[in-house]
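Structures follow.
Presented sequentially are two complexes of chain A, the first with chain B as partner and the second with chain C.
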Partner chain A sequence: MPLVLMLLLFAVEQAVYAADLFPTPEFSNHPIPQSQTPAPRPSWQEYLDLAFLTAALAAASFLAVKGRSRTGLFLLSIVSLAWLGFWRKGCVCPIGAIQNVAQALFDKDYAAGGMVIAVFVLPLVFTLFFGRSFCASVCPLGAVQELVAVRPVQIPTWIDHALGLLAYIYLGAAALFAATGSAWIICRYDPFVGLFRLTSSAAMLALSVGFLGVGLFIGRPYCRWLCPYGAILALLSRVSWRHLKIPPKQCVQCRLCEDACPYGAILRPTVVLSPVERMAARRRLIVVLCAAPLLIATGALLGFGMRSSLANMHPTVQLAEQIRLEETGWVKTRSDATEAFRGTGESVESLSASADKVLEKFGLGGCLFGGWVGLVFAVKVTQLSLRRRRTDYEPDRSACVSCGRCLWYCPEEHPRQEFIQIQSIYNMP
Partner chain B sequence: MSHGESPITRRRMLGDATRYVALGGIGSLSAWLFYKQSGQAAAACPSSGSTCDECSQAAGCRLPRIWQLDPNRCIACGRCQTNCVLDLSAVKAVNCFALCGYCDNCTGYFPTKDYVLDTGAENQLCPTGAIARKYIEKQGGVPYFEYTIDESLCIACGKCVVGCRLMNGSLYLQVRHDRCLNCNECSIAVACPAEAFRRVLVDSPRLLSRAAQAAEEALARKRGASTNPPATRKSSIERKEEAS
Partner chain C sequence: MTEQPPPSDLLPYRIAVRTATVAAVFSIVVAALLLHDFFHRSMKDPFQTSARDSLKAALKQQPANESIKEELRKLDQQSRSEYFRQRTFTLSGAALLCGGIIVSLAAAKWAATLRRKQPQPLPDATQRDWEATWTPAARWTVAGLFVVLAATAIGSIFPLRGTVLKKSDGQAAAPAKAAGISEEELARAWPCFRGRGGSGISPYSNVPDDWDGPSGKNILWKSPVPLAGNSSPVIVAGRIFLTGADEKQRQVFCYDAESGKLLWQRDVPSTPDSRKMQLKDDAGSGFAACTMSTDGRYVAAIFANGDLAAYDLDGELAWSQSLGIPENPYGHAASLSIYKNLLLVPFDQATAKAARSKLRALDIATGLTVWEQTRSVPSSWTTPIVIRVSNRDQVVTAASPWIIAYDPAEGKELWRVKGSQGDVAPSPVSAGNFVIASATDSAPVLAIRADGSGDVTTSHVLWKGEDNTPDICSPLATEEFVFLLTTEGMLTCYDAHKGGKLWEEDLGEFKCKSSPSLVGKQLYVFGEAGKCWILAPTRSGVKRVRQTNLGENCVTCPAFQDSRMVVRGNKNLFCIAKGK
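== the complex of A and B ==
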């Protein structure tokens, strides 16, 4: 028998695709079954998710702007966490949809699905009108961090500002790698999705535990300093039509909201500057504005210089490099990837040609990414040099996630919410 | 709230203008994305030339896309077993019965080394015993067996696929969509060394190897028009490959 088998194996090598090597027999009393294909998830489920997202966004916006209910927002965030997080396993989410959109914008062979586009756009529109209500109680990643923030401490403003830049850089990097078709880094390094699926690799588990552990004492570390979608929402929220307001009528300048906010999102009233200080501030602004183009140009140059190391994220470039190393004899062992490539029968020349094309894309992409990082720094420094006059404590529209904690602390809010029994402080003489 | 009461300031006007410009930007972005999606759907159309109204599968073109593994590229390396985000992978081995030889000494069932024709667990190639071997009948003194995969036991290690490729190659790996979470970035696709994963339309979720495709079509022809096989639609990638 083994000898027969050996002969057969030899025959197989002779004719790789000879399908009738062993013809399927015709049985007297046994039909050949059809291999079964289980049905995919019905598409009405996606529409249900979209309906939930819309309803949750509307509810969160109402609770933040009109209802002013921290309890409501908190309960809604638990519902969202259960639905979008644990039931739907956190996919597809608006944060990850950035990559679908970026790739659809730049890659002519890729188009984002209708559901992904809707999931990406809906929270943007709601943010333009009502502030970051998505972050408040719809996003499952935000919700899980909101739940664990039990002992939040205040972070020095300069650390908050500096780390906040990371989100914009991450956004740029995610867009670059998605647009070039290299990798979807937001999904790959999502620290909480493993929690929703109750399974993850050891490294990602460590990251999840790390973020949750830090989140006990530092409110929403991912949202504030890393979330690329939060970065977009922060920009849009600046010009939102309505936004959560802390005092219902008049601010009594008690500072309680500032102490209560775990996210450093309350702006203090400004102090009046002396003419000398004002002159110095103005001079600083001029210097910063002049330095901005320099920052952008430097960033673009650095990004262009880094193009080949950035391009290493692309699987084709990696494969071409591996093949090159094997062809030149630097690497003796062959990997599965190179074996698979050789199995397809494509030529090494065409592979290195497509790798070169990717590298070319990264020339422009690296330039744009570097320029973006430069722009982010320039805008931040300019923003720090600008002074706005404020007389009251206000939520910082870009940083505020409308969690509503401050509403629990505002003394003006207490009688309105009937936390304390005063007839009406507004009607007092 | 107090919007109506405050006087119109330059700052507020700028804010309003920026808001509506941003809204217009988002609107045109999504319009363009939807336009591109419908363009791609048209490219994947099975009956290009005729209008959507005439086509019975018109609704299918705009359906969502899901991950599938192309058996023509798959090297059955076993990464599907370990890289899926699910504890038990969404990928399973499937037998294409139309291509299967119903061999007694199946190289997908028995190991080729230290080979004993005995169905004891130690003699099976499958580490979980997920392949059921069932005697069918004897023809010309040769016994024939049917090999069916118990998907609840299959772990997508691909050992049987590698073994079967020595013979007919009827066993192949497929993403099972009743289990697949359809992640935005499939983590098996990231790990796949052969770049065998791609997105297919939700109404034609199966990808067959060329041999299996031919065998299924031949079987369907043999059976006649009484049992129509499910229409296998070519994806846009395949159409492009054929065109070039």
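== the complex of A and C ==
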């Protein structure tokens, strides 16, 4: 299947790429068309997108929390994929909007539009009220992964927890690069946008195929371990007002849902710890809490040290480096970018000065980014050292994407949905 | 309770599985056709045909020929029709493939749903501590991930390997082609500061001992050096290499040894940081004091700002890197050494406590670090020498307070002696199985047996010489004598084996920064003003044979070839040969 998916993407890429290489006619009077900037979308279309997003979020929240309909959520995800993915080509995107907001916060010359802010904020608000309904069936990236998850298998919980940290690191990096005006890495490395737009570079094509191929057997790998917006939603979902529950009313401890979630988002009941275990857990927590500032400081220090490497993402620094290579004979041919720079008449010294200023920005930015990474690790280790009392099977509010897969497994749910009579459950051998 | 048939017996399940299978096979067939079409198209560009090329060539000959133009138009139209046909084929195929995959996925998902087994209640497990089964592993994994990320960060901050820059075509700068020089030529080379082993001894005794720069006597050629520098020439394969630099640029020069013609000169790449170096001209050694080194295939150069680069003999840049501006009060002046294919880069700086001094060995072809030793010594200006004693190759370094020998292949420390102090500039030399390490004018010169291991301060120092120890000029050692030269022109001779002072000779108003050389049995001592004393030392004293004149200031060491001497003045490069 991954091979077939790759071929599909490869074929469409070739088709579109070929159009770009179409040569001009020979001896023709055919006028060569001027490159034109496409007109912005009419505002009514933007409002329509916003209305769809709001309606989809509302529907997903209702279907997850009140309607408890896996089928409804699944069908909604297909509609969202068609609208936000293939029709809007992945560009009504709260995930990418992180960068708009980050750059708007730190760059006085950049302003994020109201529509972008609305797209960024709406899913956050819904999450605060109803959990990750955006991930459930509105996000086209989540939808495409949900659709290809034909035989998802369980991943060991400890791996899941460790890999889940990558999303927070990615979030920090995306914010850093956007805030410094370097790059919008979420958009640049979006693994599914090539699929939505039917065009992609070879590297991104391979990435798409990789994610889709892995997604056949490991549910939603991008959502769980890389999505920076999912990282924010996971934090908010912890404190959401309402959230999808596995049993509609009371958990009967039947353990039927124990392995139902392919995303490892079902928490099991815990046991009462003995005094010795409690003491050991407390000691561990104290050690971890003491180590937390050290982790943050180490991260900040390393981030500061990495400022030069990080600054290489900035176009000004890249241009200055390219100019240097050209001037010193490292490269024989000039690039379009350096030709354009030379055409401006600006001096190399002023370019170097600009690059130095960028480097200064990355001093603070790298420090904050490193500190953030340290904080993420500190919080995670603290979380792993905390023992909470649980009596029922519950969704892990931060990891649960409210997809509703677990509902079918709950014996309390079946009579409610009128799949089977309640008696038949309790009469089972 | 009604018995449910197994899912595989249900008609919907069978339909779903078969639909998924058929759709998958269909998708594979379509994909195969698309791939075949793609590769077919890749091999044959409809716009690049021999017929088109012939017509274009013909049109160039006859620009007004309308029939050729018409033929070309027809061909162009055919190509375009073919192009659109292919494009339609690809897009249709992609649509079919897309549809096939969607159907296959949907059917597979339907089948998986139908096959889903009704879960069975499990025994009560509420007493099992589920979290305890995975949280320790999770904590360790998280900690491991942090360590991996931290190591990656540290790796990016302090790269262990040299940077091999890439060329614009995306290929790593290829190692320069082998120069193709013979072993014989390699043996004749003067590959580093003061020649092979850093001895300052000419392998040829037929070098002229009489010349006069202003009149041109015995001057085979004289070529201007484009940029100033205190580095000495190195010679290999009939080419002379030296460096020059000022505040803005750093260059490598290559001259033809036969004619003195400047064959090429290259700007050495630098970084924004290294370009910022502000060195005062009176700081001491200048911007280009370090002598180059060569293994016969590449020549390498280093400058006061830490910029390091290697070129092939034709001037093609093999690699470059910046070691960072060294913290050095008089400017970095330690020259490069060579051991087989390893470029030995001394980089002593700051204080001993700071431990920022390093000796690196780089593969001269790629610039990749083979080994690196951190040295707890302060700034020094000495050049390491590569010697072989007791069947053991060694690279001997001198700094304050340690004279340390390393295994040049792996960087492992072999032995060390405590003895130097202050600002150490004279490089060590060797004679037989011992090393002469001169320190400063305030510390004695040491003769050290070079076959020890560990700290051999108390066991391997053969003798110490207290009188007239040099401050800048390196010693010169033979089997019989050790000569020391101070910048004030005081030449002192010691017994090489016993260490007793044999004699001293004050050369008068003769300031020296150039280390002495030995040709046959005569010493060549260049003074700063360009005068050179030719001296004939014996056990009982020294005879002043003559004084020659280069005609311009000279602080560098000469390089020797068969019947020739190449020496750099402050403006020109001179080749001195008999009978010219």
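Note that in this section the second predicted complex is superposed on the first by the 373 of 429 C-alpha atoms of A that agree within 3 Å, B and C clash if a C-alpha of one lies under 4 Å from a C-alpha of the other, contacts with A are read in each partner's own complex, and residues count from 1 in each chain.
One rule holds in what follows: a residue touches a chain if its C-beta (ideal position, glycine included) is under 8 Å from a C-beta of that chain, and two chains touch if they have at least 3 such contacts.
Because the structure is a prediction, the values reported are computed rather than measured.
Of the two partner chains placed by the overlay, only chain B lies in contact with A:Met115; chain C stays clear of it. After overlaying the two complexes on the shared chain, residue contacts for A:Leu128 are found with chain B alone; chain C is out of touch. Once the two complexes are overlaid on the shared chain, A:Trp44 sits clear of chain B and of chain C alike.
Looking at the shared chain after the overlay, A:Trp241 reaches chain B, while chain C stays out of its contact range. In the overlay built on the shared chain, the residue A:Val101 is in contact with chain B alone; chain C does not reach it. Of the two partner chains placed around the shared chain by superposition, chain C is the only one that A:Met306 touches, whereas chain B remains out of contact.
By the touch criterion defined above, A:Thr333 lies against chain C but remains apart from chain B after alignment on the C-alpha atoms of chain A. Residue overlap on chain A between the chain B contacts of one complex and the chain C contacts of the other covers 1, 5, 8, 12, 19, 22-23, 25, 27, 335.
Those residues of chain A that touch chain B in the complex are listed here as 1-2, 5, 8-9, 12, 17, 19, 21-25, 27-30, 32-35, 37-41, 43, 46, 89, 91-93, 96-97, 99-101, 104-105, 111-118, 120-121, 124-125, 128, 183-184, 187-188, 193-194, 197, 199-200, 236, 238-242, 245, 315, 335-337, 339-341, 343-344. The touching residues of chain C, counted against chain A in their complex, run 1, 24, 27-28, 31, 34-35, 38, 47, 69, 72-73, 76, 80, 83, 86-87, 90-91, 93-94, 97-98, 100-101, 104-105, 108-109, 112, 116, 119-131, 134-135, 137-139, 141-146, 149-150, 153-154, 156-157, 165, 167-168, 173, 266-272, 317, 320. Considering their complex, residues 1, 3-5, 7-8, 10-12, 14-15, 18-19, 22-23, 25-27, 147-148, 150-151, 156-159, 161-162, 165, 169, 198, 253-258, 260, 268-271, 273, 295, 298, 302-303, 305-306, 309, 320, 324-325, 327-333, 335, 352, 355-356, 370, 373, 377, 380-381, 384-385, 387, 408-409, 411, 424, 427-428 of chain A touch chain C.
The residues of chain B lying in touch with chain A in their complex are 1, 3, 15-16, 18-19, 22-23, 26, 29-30, 33-34, 36-37, 39-40, 62-66, 73, 75, 77, 79, 85-87, 94-103, 105, 107, 112, 115, 117, 136-137, 139, 144, 146, 148, 166-169, 174, 176-185, 187, 190, 193-195, 202, 205-206, 210-211, 214-215, 219, 229-230.
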